[in-house]
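Shared between the two complexes below is chain A, which pairs with chain B and chain C, respectively.
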Partner chain A sequence: MKRNVLPGLPLSLGITLFYVGLIVVLPLAALVFKAASLGPSEYWAIVSSPRAVASYRVTVLSALVATAFNLVFGLALAWVLVRYRFPGRRIVDAIVDLPFALPTAVAGIALTTLFASNGWFGTLLAPFGIKVAYTPLGIMVAMCFTSLPFIVRTVQPVLEDLDPALEEAAQSLGGSDSAIFLRVILPLLMPALLAGLSLSFARSLGEFGAIIFIAGNQPMETEITALLAFIRLEEYDYQAAAAIASVLLITAFLMLAATNLLQARALRYTARS
Partner chain B sequence: MKIRLEQVVKTFDTFRAVHGVSLDIESGQLVALLGPSGSGKTTILRMVAGLEYADGGHIYFGDQDATDIPVRDRGVGFVFQHYALFPHMTIAENVAFGMKVSKTRRSKPEIATRVSELLRLVKLEGLGDRFPGQISGGQRQRVALARALAVDPKVLLLDEPFGALDANVRRDLRRWLREIHDELGITTLFVTHDQEEALDLADRVVILNEGKIVQEGKPAEVCRHPGSAFVMQFLGDVNKFPGVARDGLVFIGETATGIAFSEDGPVDVFVRPRDVIWEKDAGGIPVDIERILHRPDGLTAVGTTKDAIRVEFEIPEQAEPDLSRGAGIILRNAQVFPRGVKSSARVGP
Partner chain C sequence: MTPTRRKPPRVGDGPIIRRVLIGATLFFGAILVLAPLIVIAVEAFSQGLKVYAATIAHPDTGHAIYLTVATALIAVPANTAFGLAAAWAITKFDFWGRRVLLVVIEIPFSISPIVAGVAYLFVYGLQGLFGPMLESADIKILFALPGIVLASMFVTAPFVARELIPLMQAQGRDLEEAATSLGASGWRIFFSVTLPNVKWALLYGVVLCNARVMGEFGAVSVVSGNIRGQTNTLPLHIELLYHDYQAAGAFAAASILATLAVVTILAKVGLERRGAGRRPALGSAAKEQNTGTRT
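So, the complex of A and B:
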């Protein structure tokens, strides 16, 4: 090993690897192990059952919509918090973190109360024939709520560090506001946006507490994959639960790998020759 | 394009950065705004660019009042101190940016041709595919200039263009900027706090202090006839002697200097180090030499007068200057200014 001036590498490396192994890798390994104890045909039968497939569909679609929604509003929120000084800015800034702090079940119950057909929002939406609670729409709302901070918090620091001279330069070269945003600002935010996007999407895939209260949990319609795994667990069918959970795990893993690749591409200009 | 500033004022919150500055810049000239930090020079440049709006006064480009024209329509090329290159674009893409977002549509081959032309002009052929993070500071500044020139600006504005570069690179780029300016003939205004840079490069130097123009003129004029103690001190190393003017002559301590000055009263006498003559034995102001500094271009003596005023001056090159004999100095080309009065200018013999 190369001699290193900074002290403590072997110790800190050992501690962190041990910790990651204990807290993250071991449970996941147990999950994979459990799922693997099924035969391939059994495994396939469980993960491709109509009820399971319906749950993937509603989970992934809702997560996609929620992430797209947060992409737009999270970026806008980060933009406003960084670029403008207005009274209450610090309060808004603090509120962004609330979805992290609040127990998700509490959020779920609150959202259900609001969006139920006799709730504050629900009564307003009912005349238009829009039902949120106990529909996939409710799942999206819950996912939006719990994953909002990711995009704001990943984009915000990058936006803060953006050199104002870059925009001034683009302006002096005749760029319109939209050209500057699309050609200069957005590409520079892209790595952070991708990071926030993948976190937000992964969180939405795995969200449980907030959703089960508002979703209605009708099999084939509003039953999310995490709940299906939980139901199998309650039936003491650990292998089926693990099999279904492994699908979520693989999906999240593939998605993170894909965004990492995209991120590396977006950051290729930082590579030195 | 001729630029005219008329009583331009800029205030930030409570701090007045520019106090009613008026300035004429002839078409095709290369003009330096020179001043210490906080003198308002960058603010003036940014107002000419349209990156700041003036709170009062007018800025004319030719006959057109440009005061309220936004930067993107003003047709200026701006070069930033820290280059402000787009880090995610290659050098060629950076240079092409202005042409791509321009309202006048250009075809791709047309843009590519112009980009390679500009890269040749700034001597960066072959680096078009690199990213800004992969080239040196001097190269980045040249890319920034090429990018600014790509939109055919009426006026070129440079904010401390060489401030972040090594001394050697700075000298090269300075000469090179002068060549490019002479080749293109574009009206150019640049900001610097480095007197040498301003005097080397500019047709005309505008010296600013505390948001006002204190003197402007050709480099030779401001060097030979500084209008105030501030300009004298700001333009280069200088020795300052407090003295008194009596009956039309200036005295420093008890020594009559032979310098004529019409206004009696306390004065400050300023002399450049090379204009202090070391007269070893014969008269002059007595000075105790403390040290000899060896510099590449000669010897510099550091000493103090009897009144404990520090003096630095150049002495003839010799192996072992003899310091034991005490020494007197005689002042040449002295500039005399009444003490405590900022602006009134008097030139000594």
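So, the complex of A and C:
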């Protein structure tokens, strides 16, 4: 067996474990500990209360709609950026990252101002009876904004590396454009698409800053789960805050597991081709 | 056949589908991404330059800027050191639990910032593990700068490490091993061999980490206590002004962070031209060179 000759393992691993332990593991352990200190029946009563369940419904439904929108829009955007050349393409490519770079609170007040009934878009939508700000639709818009880059950025590199020979072969066999897209290109993009999808969905479930400004925050209607945990804290109901935060934590872990699984698959796929 | 028609049109290259797709994506992109940026600038100056200048010059805004910068000055270097240490340990050595460590580092990326804030309350808050101890020793962590820094470090923990690890993994250990065999010390190897090879990726991670630290809202909002002029960072100050019905003031403060976001994106584009930010597993070097010469 080859002996590793490089120095610095104790120091670098020591720093890493100390940092991860202190910054990441300790707080999460404390949260789990706090939530577990509630009895099972008490815990269940908090996490299954009508207000909590309503918040899950709003959060999950909005995240699903936002992710579905971004699936189509993100894929189209990645396609346009990779396959077409047009003036301003590089600016569009750069600006896709804005939702990552723009602080969520800033995005929140900007989107609220745009979609409020007297805002630029709000006044245009009002004649059709569409209200965005302070309704579930507003939550979806905010989620669309914050999770937009995920699908674009996971699909884009795969689309760039797509072998043109595959399409040419399909064309020479007489496949129509739509058939080639659906049966040759889309299956190749699928692992990246799924990985981006799970990242985008996870981000939407946990988003807070951009949403609370535009949501209206009415209990049972437009109150997301993260906000409910925050409200319980402000009411000094720490046990309820811990219980609801633990639900978000468990969901995040499930999403993380799903993402890792999908990413491992995506990597295996690209490595093979 | 003329040379210009040598390549058959690829899927989706028809003029109609091309125009429709470009038009539709630009339309939605303008609504969803560009419009928020424009509305910030318009609203910030909607009451004139005077109100804008007054908001920026207000002591509370000044303090919020100071607190945000101070947080970044502590959290970003700490995170950078951690990222370098983690990347060195994970890519230069094989040890038990390496893959688990990789997953644990990525955890903050998928956790709601609110959960992070709540979790920190249960460590350092009065109801938390160390709260009573800290209280009796008269050490303030929550509702003060240390809490804000810690929460920021949580949400950005993966930022630098995640840029470095794939790159250093791809670069392998040969250069470092050669340097060792020539008698270089560990620090010498790190500064003369490893660091020059990863400097752009490192800077890329640092830039993104800084943007997130300065813009973090949810986690900081839980641990800061929102005390005006004391523990309000810039994003919290924006919320306060906005809910005080001082929209122009809120947007003026927001314009500072929006400018930071634009600068971050410009830096990101610049660094990507130098090869940073690309996952080596997904694109081959040869192809990158090809597209590089064409554009």
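Going forward, the second predicted complex is superposed on the first by the 228 of 273 C-alpha atoms of A that agree within 3 Å, B and C clash if a C-alpha of one lies under 4 Å from a C-alpha of the other, contacts with A are read in each partner's own complex, and residues count from 1 in each chain.
Just so we're on the same page, a residue touches a chain if its C-beta (ideal position, glycine included) is under 8 Å from a C-beta of that chain, and two chains touch if they have at least 3 such contacts.
Because the structure is predicted, anything quoted here is derived from the model rather than measured.
Under the stated touch criterion, which partner chain does A:E168 make contact with: chain B (first), chain C (second), both, or neither?
both
Applying the touch criterion given at the start, work out whether A:G216 contacts chain B, chain C, both or neither, answering first, second, both or neither.
Touch status of A:G216: no partner.
One more residue to check, A:A226. First (chain B), second (chain C), both or neither?
A:A226 contacts chain C only, not chain B.
Please name the chain, chain B or chain C, that touches the greater number of residues in chain A.
C
Which of the two partners, first being chain B and second being chain C, lies in contact with A:R183: first, second, both, or neither?
first
Is there a shared patch on chain A that both chain B and chain C touch, and which residues make it up?
168, 171, 270-271
Which part of chain A faces chain C closely enough to touch in the complex?
Its residues touching chain C are 4-9, 11-13, 15-17, 19-20, 23-28, 30-31, 33-34, 73, 76-77, 79-80, 83-84, 86, 90, 92, 94-107, 109-111, 113-114, 119-121, 141, 144-145, 148, 157-158, 160-161, 164, 167-168, 171, 177, 180-181, 185, 199, 202-203, 205-209, 213, 226-227, 229-230, 233, 238, 241-242, 245, 248-249, 252, 255-256, 259-260, 267, 270-271.
Flag every residue of chain B that touches chain A in the complex, lowest number first.
Going through chain B, the ones touching chain A are 49-51, 70-74, 76-78, 80, 82, 84-89, 97-98, 100-103, 130-134, 144, 147-148, 150-151.
In the complex of these two chains, what residues of chain A are touching chain B?
Contact set of chain A toward chain B: 163, 165-166, 168-176, 179, 183-184, 187-188, 266, 269-273.
Which residues of chain C touch chain A once you look at their complex with the stated criterion?
8, 10-14, 17-18, 21-22, 24-26, 28-29, 31-37, 39-40, 43, 78, 81-82, 84-86, 88-90, 92-95, 101, 103-108, 110-116, 118-123, 125, 127-129, 150, 153-154, 157, 173, 176-177, 180-181, 185-186, 189-190, 208, 211, 214-218, 221-222, 234-236, 238-239, 242, 247, 250-251, 254, 257-258, 260-262, 264-266, 268-269, 278-279, 281-284, 287, 291
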